[in-house]
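What follows is a pair of complexes built around chain A, which joins chain B in one and chain C in the other.
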Partner chain A sequence: MTDALRIAAKALGFALVLFLLLPFVALALTLSAGDYTAAVDRGLWEALLLSLGSTTIAAAVLVLSGTPLAWWLARRSGWLARRIEGLVRLPAVTPPAVAGVALLAAFGRAGLFGEALSEAGIGIPFTLAAVVLAQLFVAAPFFVLPVADAFREVDDELLWTARSLGTGPAAVFFRVVLPMSAPTFVGGLAMAWARALGEFGATLVFAGNLPGVTQTLPIAIYTEMEGDLGPARVMALVLLGFALLLFAALRTARVERVLGKRT
Partner chain B sequence: MLEARVTVRQGEFLLEAELTCRGTTVVMGPNGAGKSTLLRALLGAVRPEAGRIVYGREILFDDARAIDKPPEERGIAYVPQGYGLFPHLDVLDNVMFGIRRGRRQERIVHALSILEDLEVRELARRRPSELSGGEQQRVALARAVASSPRVLLLDEPLSALDQAARPRVRRFLADWLRGTRLRTVLVTHDASDARELADELVVLEGGQVVQRGTPDAIAFRPTTEFVAALTAGLIERDHRSVPPPGMLTEDE
Partner chain C sequence: MYARGLLRVSGGQRPVALIACASLLSACTDGDALRVFAAASVGQAMEEAGEAWTARSGVEVRVTAAGSQVLRRQIEAGAPADVYAPASFAHLEGAVSERLEAPALLGCNHPVVVARPGSSVRALSSLDRAERIVLGAPEAPIGAYADAILARATERYGEAWRRRVDRRVVSREIDVRQVLTKVQLGEADAAIVYASDAAGSPLRVARIPDGLEVEARYPVAVVADAPAEARDFARWLREDGFAHLERHGWTRCEAAP
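Right after this comes the complex of A and B.
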């Protein structure tokens, strides 16, 4: 009886592995030679460039604003900090389409700040800025929350020790806190970046589908799905390839070594 | 000379302590007496409600004059419980952490010579996680010394060690402290540490100084029962001076 149970458990687990693997294999196997040129004709590289460019900007903004926020969250335990941490978690459980509608409600022409923004000559929806904002919105929790956890792991005593050795608070952050948290920092950034790269729903609602302006690779794939599946499959493979490449690059960049080394 | 008079309030707990440090001053007391809080006030990690901390003529803290120097400007190197070595740096980089003057090559030479003094030069390229407790302590002392401090703060320097290693490391620390010219404030709850390490002993209980003096003087003339119990270990086994008649406790 227990043997049967064990075999059944193994079979179920293995079935899941097969299920996860099969679509990737199918994606590669169903390609034909003409699909690639068709995909290029349909703006594959343009969309990829837009995806890479916008996610790079979103990742940079996320690091610059998310790192201080994570540090603040890590050093505070009060009511306000817990509420703000909950707020940062919210986009991770918000359906992307809802995120898009919410972003429109805030920054759209008829939105909360729409009038003020348009008076200032700023129009966000259906621009590259909207693409970046949508990516930032959905990706933020994947970076801020794990990094805050890693910062929490750094013992206060270590920080005071470093200060007592003649190092100011900012230098202590860059020479002790950041290097000690580097693996999580890099891992969180990779997850956030991958999430931004795959962003679809919020971008479509908030930024639209304008080739060369807001049509990122996931949206280009969606657009192709309405016609021939061939180019869509090529685009999907390219997107997958870049996501994996990005992940591998960040993982092997040995950032912890670079940060850990003294100047 | 380091002189401090501080009042620190943390919730219900009130610490009122005075301390003078010419050589090695050991602050002794039970858990919760406020020993570590006192160290943190000297360090600048805790801001006293009132008081004054002075090194020579230099004021490090004075509430009346609104002077509160940050830790990095006090010249007081801190070695926390468990030694606080930076886990992401090897031994040499740990020691170099506090050396600011000179080119990199000069700083390396300086750090290596300090490690040599503490007889742990061969550990230079090891990670803290690969060291024994005694080795970690020597590296932590080397790192503290390398920052050229005027005062050294040691929080329970022997508590992280297992029982077997403690006497040997304590002896090393005692010899080393006698050899160095640094003023040292050391916190412990262990009477053996006080006996071997202290020039002057300050006994803290419930946030108040209950007695101060040389270890012998305190052991032979405890002013409270608490101090007598706490310092009973000071006069066991090791009779460096003859106790005055009638001053011994019953179990002696």
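Right after this comes the complex of A and C.
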């Protein structure tokens, strides 16, 4: 009986793997000669560069602002901290198109801060800044929440011991907390980066679609689908390839070791 | 209906649809309904025409409205459709034509300039006074029409006018609905959309001047294995039923020369 159960469980798990893998295999198999050149003609590399550049900025901003937020969330357990944690979770369950509309409502010309921004000579929609903001908005929960959880896991006594040995609070954070949370830190960053790389709905609404300015690879792919599917398939595979590269790079970067050396 | 949307199946789709219906416990009373795949721009008008046809003939009409190119891929992949009404004859060519009977001209839609009420754009000639212009992507029908209009207008209004217009184009949106939304939200000042999209919106609408205008010709085609009711509906749509489209800005036009 348990054997049957084990086989059934394995079969179900394997079926899921097949289901997840098949579309990608099909995507690659349906390519035809000439699709690659067509994709390059249609601005594949320009869009990829824009995607990599904008997501790098978004990831950097996320690490710089998300790490202090995660630490604060980990150290507090009060009403306010729990509410703020809930708020950080919101973008993850918001449909991307709705996120785009919400960003417009806040930062658009007709939005809440539109008048103040345009008086200062700042117009955010339809710019690279809008692309980055959209990515930051949708990706933030994937970094902040797991990292806050990892910070909570760090044993308080360890922190007190370090402090009692004369280590300053900043040194404790960088030499104890961060190295101990490194795997989650890197994993969360990878997930957030991947989410930003795949961002489509919010970007389309908030930043629009102009090649070389706001046309990221996912938007280029969707634009291509208006015409022939071939170039769109090539672009999709390139995007997937770079997402995989990103995961691999972050996994092998061994941030925990780099950080750990300082201890 | 959701079961249909979830499972795009080919050929003998009805048994599968029935199984899906049963398993999802959804109301599956539309087994005999006519399934009309209509371009996003014609969706609203088609819904109204469909209701009128149901009242008239007793045959239920179910409209699926989406981008013509999306519907085209779905029909090519065997999606259950009886009538296909894309935004352009170009979407009837290629693999999709193998599943369709000979198409007929449904009617014409006209690209127009729309502008925010507060902007200084009053016509195509003053499009260069907009701070931000949005157009359709060149790959989308409305974007291709806009490019054609701008190319002709450049000859009339000059290269300098064209450069000013090009400089102010902030986005080439994926479909006409996105184009219109950007102006309605106040994020852009002016755009080129279809007369049918502009109808009923609070935006300022300016016709494209004579000699520069282009006609968007909408076809309608019956899917090869569709029931006879599909042919009746398509014929009625081009005759008496066309009133429902005219109300939304379509016009009757002559077949292509």
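To be clear about the criterion, the second predicted complex is superposed on the first by the 246 of 263 C-alpha atoms of A that agree within 3 Å, B and C clash if a C-alpha of one lies under 4 Å from a C-alpha of the other, contacts with A are read in each partner's own complex, and residues count from 1 in each chain.
Criterion: a contact is a pair of C-beta atoms (placed from the backbone, for glycine too) under 8 Å apart; a residue touches a chain by one contact, two chains touch by 3 or more.
Treat the numbers as computed from the prediction; the structure is a model and nothing was measured.
Using the contact criterion defined above for the overlaid structures, shared-chain residue A:110 touches chain C, although it does not reach chain B. In the overlay built on the shared chain, the residue A:210 is in contact with chain C alone; chain B does not reach it. In the superposition on chain A, contact of A:180 is made with chain B only, not with chain C. Contacts of A:168 after superposition: chain B is touched, whereas chain C is not reached.
With both structures placed on the common chain, the touch criterion links A:160 to chain B but leaves chain C unconnected.
Residues of chain A that lie in the contact sets of both chain B and chain C are absent, per the superposition on chain A.
On the side of chain B, the complex with chain A involves touching residues 40, 43-45, 70-72, 74, 76-82, 84, 86-89, 93, 96-98, 100, 143-144, 147, 149, 153.
On the side of chain A, the complex with chain C involves touching residues 104, 108-110, 125-126, 204-205, 207-211, 214, 219, 222-227, 229.
For chain A in complex with chain B, the residues that touch the partner chain are 155, 157-158, 160-169, 175-176, 179-180, 182, 256, 260, 262.
Partner chain A is touched in their complex by these residues of chain C: 67, 69-70, 73, 132, 134, 137, 139-140, 169-174, 178, 181-182, 185-187.
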